[in-house]
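Paired with chain B in one complex and with chain C in the other, chain A is shared by the two complexes that follow.
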Partner chain A sequence: MDGLLASTLVYGLVSSATLLLTALGFSLTFGLSGVANFAHGGLYLLSGFTAWMLMKAGLPFLAAAGLTVVLVGVLGALLYRVVIMPVRGIVLAEVISTFAVGVAIIEFFRWKGFTTYDYALPELVEGSVEILGVSVDWQRLLIVGIALALTLGLWAFTHWTKIGLALRGMSQDEYTALSVGIESDWAAMLSLALGSALAAVAAVVLLPLGIISINSGYDALLVALAVTVLGGLESTAGMIAGSLILGFAVTLTGNYVGPRWGEVVYLGAIVVVLTFRPSGLLGSSKQLEERV
Partner chain B sequence: MSGVPQGFRRERVDRGVAVRARDVFALSSNRDLAWLLLPRVVPLVLLLAFPLLGSRISGYGQTVMLNTLVVSLLALSWDLLASAGLVSLGQAFFFGLGGYVAGWLNARLGLPPALTIPIATVAGAAISTALLFPLLRLRGIYFGMITFALPLLLMRVVETTGVLGGTEGLSGLTPLPNRTLELYLVTIAALVTLLAFRRLATSDYGLLFQAIRDNDRAVIASGFDLQRRKAQVVFLAALPAAFAGAFVTHRYQFVGMPAFAMDYSTLPLTSAVIGGPGSFFGAMVGAFILVPLSELLREFGSLRVVVYSAMLLVFTIGLPEGLFRFAARKWTQLERLVPIEEAARER
Partner chain C sequence: MRLARLALAVLPLLAAVPRAFAAEPIVLGVPTALGTIEGQDSLRSAQLAVKEINDQGGVQVGKEKRKLEIVSIDTREAEAGVPVNDALAAMEKLISEKKPAAIVVGAFRSEVLVSAMDMIAKVKIPYLCTIGMSPVFDQKIGAEYDKYKYNFRLSLSAPYLVGNMAKTMAFLKAKYGFDKVYFVHQDVAWAKGTIGGLSKVTEAAGWKVLGADAYPTGSRDFSASLAKAKATGAQVVVPLFDMPESGVIVKQARSMRVPALVSGFISPAATGTAWATFKGDIEGLVNFLFEPGAIPLPTPRSRAFTEGYGKMYGEDLKNKLSGHGPGPSYDAVYVLAKAIERAGSLDADAVVVQLEKTDMEGAVGRVVFNKTHSVPYSDDPKTGGASLAFQWRKGKRVVVFPEAIAEGQIELPAR
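And now, the complex of A and B:
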C-alpha cells in the first residue's frame, strides 16, 4: 500500500477519534438537556491542570486521572446548580453565562502563568507499533479505543439503563417526562455532570500527546462545536460521522495539499454541510424545527 | 416625615404616572422638562465636547476614549442582532472583515482613508452578510455557536494560507490626519448608529426584526421572506462593526490576525449585557463602564478577562435588565421636594 495513503488512513482515524472524544461531553449535555455548555473548553483545560496538580501532589497518573474525572463531574453538577439553574430556559442567558465561566477558567490559568513547558501529562503507555507500515504510538491507539468504548458505552447507557432512558425522555418531551415523575432539574444536573466528566476524560487522554497549552481550551470548544453542529444532535451516528468527516478531511488535506491547510478545512466543512443540510448530517426533523 | 422642611412635601419625578404609562409623563413645567432632559443632554454634550479639550486630555485618555467608542459601535451592532433573535458570540467577525477590506484597499490599491473607510464599511458588511447567508437558517443557540467559531476559523485561514499578509498582517497603512478628527469621526459614528438603531427599532420595518426574535414562524406565515429579512438585519448590524474595523485599521496603520481576536467579541457582548440588551443606550453605557475598567486592570494581564467574564456572569444572572434600564427607572423614581400649596396660601 502507498505509504502516504496508509498514513492518511491511520492518522485520519486517530484524528477522528480525537475529535469525537473532545466533542462527546458537549454533545451529550446538549442532546440530553438542551444546555449548550460553552464552559466545555474551560472544563477541559481545568481537568488537564487538575490532573497535573494531583500528580505533583504525589498521586500516580491513573489515580490522578480518575480523581480528576470525578472532581470535574461534581463541578459540572455545581455549574448547573449555581450558574445555569437561575437562567434555565432563557437560551441566550444560558449560553452567555456558561461562556463567561469557560473564558474565566481559561484566562485565570493564563494569568496564573500556567504557560511553560513544565505542564505536561505522562503518556499512559509508551512506545509505538506499526500498522499498515505506519508507525503509531500506543497512546494514539488508546485514544481510538477509549473514544469507541465511550461512544458505545454512552449509547448503551442512554438506551438500556433506567437513568439513561429518563434523561432521553426528558430531552424528547419535558412535560410528559415530568408527568411520569422525572425531575427536570435533576436530569439536567446529571447531564451536565456527565458531560463535564467526559470533558475531563478527554483531557487526561488527549493532553499527554503534547504540553497543556492554554489555547487548547478554546480549541476544544471549537472542535466540540464543529462536530456537534456538523453531525446533528442526539444522534450518535451523526457524531461519529461528523468527526470522521472532519478528521479525515483534515488529515487528507494535511497530507496531500500541505500540512498547514488542514485547519482551514473546518470552516469549509461546516459551511458546506450547513448550507445543504441545516439539520446537520444525520439530524432528524425535530431538530430541524429547532434549528431552522 | 423626617428630613422634610416645613411647607414642603416629597414627590416622585414620575408622580405615579409611570405606573400607567411607562415613559410618558404629564409635563406641567419647565422643571419637569429639565428633569427629563438632563440625563439626555449632559452625556451628549460631554461626548461632543471631549475632542475639543484637545491636549488638556492626555494621549492615553484619548486612546481609552477611542477604544470605548469602538467597543460601543460593536456593542450597538450586537444589540441590533440580538433584537432580531440572532445572538452573536463573534462580533470580531464583522470587525475583522471591515478592517481587512480597508487594509487591503489601502495597501494594494493605494486608496486614501477617506475612500477606504466608507467602502470598507459597506463592502465589509456586504461580505460578512454573504458569508453568513448560508448559516442564517440556523437560529438561537446554533447561530451563537457558529458566530463564535467563525472569527477563530477565519484567523486560522489567514494564518495558514498566508493571504492578506498572513501572520505578518498588512502594515504601514495611511494614518488618519489628526487625533481630533479621529475622535470626532468615531464619536459621530457612534451617535449616528445609536440614534439610527433606536429609530429603526420603533419603525414598522424594525418591528419585524423583533417579530423574528419572538416568533419567526408567525413572520413566515404573514408572508415575509424570513431569510431576506435576516440577511438585511445582519447587513445593517454589520455596518457599524465593519466601520469600527476599518477605523481601527487606519488608526494603528496595521491590520492583522488580532482583528479577529476574542477581545472584539467578548468586550461588546459584555458591554451590551452590563448595560442591558434591547435599549441600545444600554450597550453604550456598558461600553463606557467596561472599557475604562479594563484599562485600569491592564497591568494585571489576562486577569481583566477573568474580571469581565465574572461581570458578564453576575449581570446575566443577577440583573438581566441591565444597568441602563435599572438606572433609568431609579431616576424617574427619585423624590424631590415641592412646596405644599395650601400651606403656602394659609401663611
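And now, the complex of A and C:
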C-alpha cells in the first residue's frame, strides 16, 4: 500500500479517536440532561494540571489519573448544584454560566503562571509499533482503544442499566420521567458528573502526547462542539460519525493538500453538514421541531 | 515647650525635603505577552538590568542621577483569538497612563510589532523591541526613516535567523553530504518569512526542498509532514515553532521512526528543563537559541547576565530561561541607559541619535545597530549578536554552533 495512504488511514483513525474522546463528555451530558456544559474545556485543562500536581505530590501516574477522574467528576456534580441548578431551564443562562466557569478555570491557570513548558504527563505505554508499514506509538493506539471502549461502555450503560435507562428517560421526556419517580435534578447532576469525569479521562489520556498548555482548554471545547454539532447533539452514532468525518478530513487534507488547510476543511465540513442537515448527521431535534 | 512645638512643625517639612528634591524615576514601559515564557523571562531580564543600574546609583541625566522604574502591561497577543487591535490598545493604555520615557521588550508577535511601529511614530519615544522578528520592521525603517527612527531591535530578526540557519545547513551539507530537507513551521508571520527565505537560500546552495508545511498555532499532530518526510527520504527536518504544543513533533518523529536529523527551533525544547519534560524523547534534537542567555557566550558580559539572573530569580528559573528574548531585553535597558547618559536628556530625538552610536559588549555579543536599527546576528559575537545551536545529548545541551565556541560536533541519529 502507498505509504501516504497507509499513514492517512492509521493517523486518520487516531485523529478520529482523539476527537471522539474529547467530545464524549460534552455529548453525554447534553444527551442525558439537555445541559450544554461549556465548562468542558476548563474541566479538561483542570484535569491535566490536577493529575500533574498529584504526581508532583508523589502519586504514581495511574493513581493520580484515577483520583483526578473522581475529583473532576465530583466537581461536575457540584457545578450542577451550585451554578446550573439555579438557572435550570433557561438555556442561554446555562450556556453563559457554564462558559464563564470554563473561562475562569482556564484563565486562573494562566494568571497563576502555568504557562511554562514544564507541565507534562507521562505516557501510559511507551514505544511504537508498525501498522500497514506506518509507525505509530502505543499511546495513540491506546487512545483508539479507550475511545472505542468508553463509547461502547456508555452505550451499554444507557441502554442496559437501570440508572442509564432512567437518565435516558429523563432526556426523552422530563415530565413523564418525573411521573414514574425519576428525579430531574438528580439525573442532571449525575450526567454532569459523568460528563466531567469523561473530560478528565480524555485529559489524562490525550495530554501525555505533548505538554499541558493553557490553550488546550479552549481547543477541547471547540472540538467537543464541532463533533457534537456535526454528528447530532443527542446521537451517539452521530458523534462517532462526526469524529470519523472530521478526523479523516483533517488527516486527508494534511497529507494531500497541506496541514494549514486542515482547519478550513474542518470548519467547512460543519457548515456544509449543517446547511443540509440542521440537526447534524444523525440528530433529529430540528426535524422533529419542523414536523410539529 | 515652644521649641518643641516648633520642632514638631518643622520636622515633617525637613523629612519631605529629600523627596521633593529627589529626581523622578525614568519610567520604562514593557507592553508584551506576559502569558508567554518569552514575555515573562524578558520582563524579568529587563528588571534585572534595572536593579543593577539602580544599585549603582541610576542613570546620569545631565546633572542628576535618576533611577529607572519598569511598568508593564500584558498585551495577551500570543493567546488564541486576541486580535492585534487589542494588543495595541493595551500598549496605548500603558503609554497614556504611565507616560514612559521609552519602551523596552515590546511586541511578541510580528503582526503586533509592525502595527506598534506606527503608534510609536505618533508618540515619538524610543522603542527597543526584543522579541518580534518580522523583516518588515527593517523595511519600514528603510523606507521612512524619519517616521520610524524611534524603533530599534536587539533580538534576532527573521533575515538573520535565515542567515544563521543557512550556515548550519551548509555545514551539514559539507560535513555529512546531506542535500534533502523538509521544512515544518508554525503558520505565523516570522516563521513563514524565515522558512520562505531559508527555502530559497538552501535551494540555491544545492539542497532539494522536499516540502514546507505550515501548521496553525495550537496544532498537536504533525504526522502528515513526518510521514511525508520519511517517505521522501528527508535527511534533515527543520521545524520552526514558538508554541507550547510544538514539543509534540519531536516525540512524534521519534515514535514514527523518522530517520532524519531534526534541526531547527522548537521553543519548548530550548529550556534546560525540557529533557525532564519530554522524558528524554528529545535526544539528538539540534535546537537553536535565537540569542545567548539561556546558555551564555563564553564572554564575561554574557556570563554575568546568566549568573545574575540565577542569583536574582533562583537556579530553577535560570534553568527555565527561554531561548528568545531574555538576553536582548537585559541588553536593551543598558543600551538605553547609556544612550540617555550620552544624550544628557530624555529628549527622544537626542536619545535616538545616541542609540544609533551604540557599540557595547552585551549578553548577546556585540551590540551595534545596522542602518535599519537592528542588531546584526551572525556566528561571530565580535561583530554582532551571536545565535547558538545546541544538541540534546543524554540530558545535556551541547553547543554545536557556531563552530568557534562549539563544545562538540553534531551527532547524527541512527539510520
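In this text, the second predicted complex is superposed on the first by the 285 of 292 C-alpha atoms of A that agree within 3 Å, B and C clash if a C-alpha of one lies under 4 Å from a C-alpha of the other, contacts with A are read in each partner's own complex, and residues count from 1 in each chain.
In this text, a residue touches a chain if its C-beta (ideal position, glycine included) is under 8 Å from a C-beta of that chain, and two chains touch if they have at least 3 such contacts.
In this text, all values refer to a predicted model and were calculated from it rather than measured experimentally.
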{"item": "Which superposed partner A:101 touches (first chain B, second chain C, both, neither)", "value": "first"}
{"item": "Partner chain(s) touched by A:137 [first = chain B, second = chain C, both, neither]", "value": "second"}
{"item": "Chain B versus chain C as contact partner of A:110, first or second or both or neither", "value": "both"}
{"item": "Touched partner set for A:260, first chain B, second chain C, both or neither", "value": "both"}
{"item": "Partner chain in contact with A:186 - chain B first, chain C second, else both or neither", "value": "neither"}
{"item": "Touching partner for A:225 - first (chain B), second (chain C), both, neither", "value": "first"}
{"item": "Interface residues of chain A shared between complexes with chain B and chain C", "value": "110, 218, 260, 263"}
{"item": "Residue numbers on chain A that touch chain C, as the complex places them", "value": "3-4, 7, 11, 14-15, 18, 110, 113, 115-120, 122, 127-128, 134-137, 140, 209-211, 213-216, 218-219, 251, 254-255, 258-260, 262-263"}
{"item": "Footprint of chain A on chain C - complex, ascending", "value": "35-37, 40, 79-81, 187, 213-216, 218-225, 227-228, 230-231, 243-245, 247-248, 251-252, 255-257, 267-268, 271, 273-274, 276-279, 320"}
{"item": "List of chain B residues in touch with chain A within their complex", "value": "82, 87, 89, 131, 134-135, 137-142, 144-146, 148-150, 152-154, 156-157, 159-161, 262, 266, 269, 273, 300-303, 305-306, 309-310, 312-313, 316-317, 320"}
{"item": "Interfacial residue positions of chain A with respect to chain B in the complex", "value": "36, 38, 83, 86-87, 90-93, 95-97, 99-101, 103-104, 107-108, 110-111, 218, 221-222, 225-226, 228-229, 260-261, 263-264, 266-267, 270-271, 274-275, 278, 290-292"}
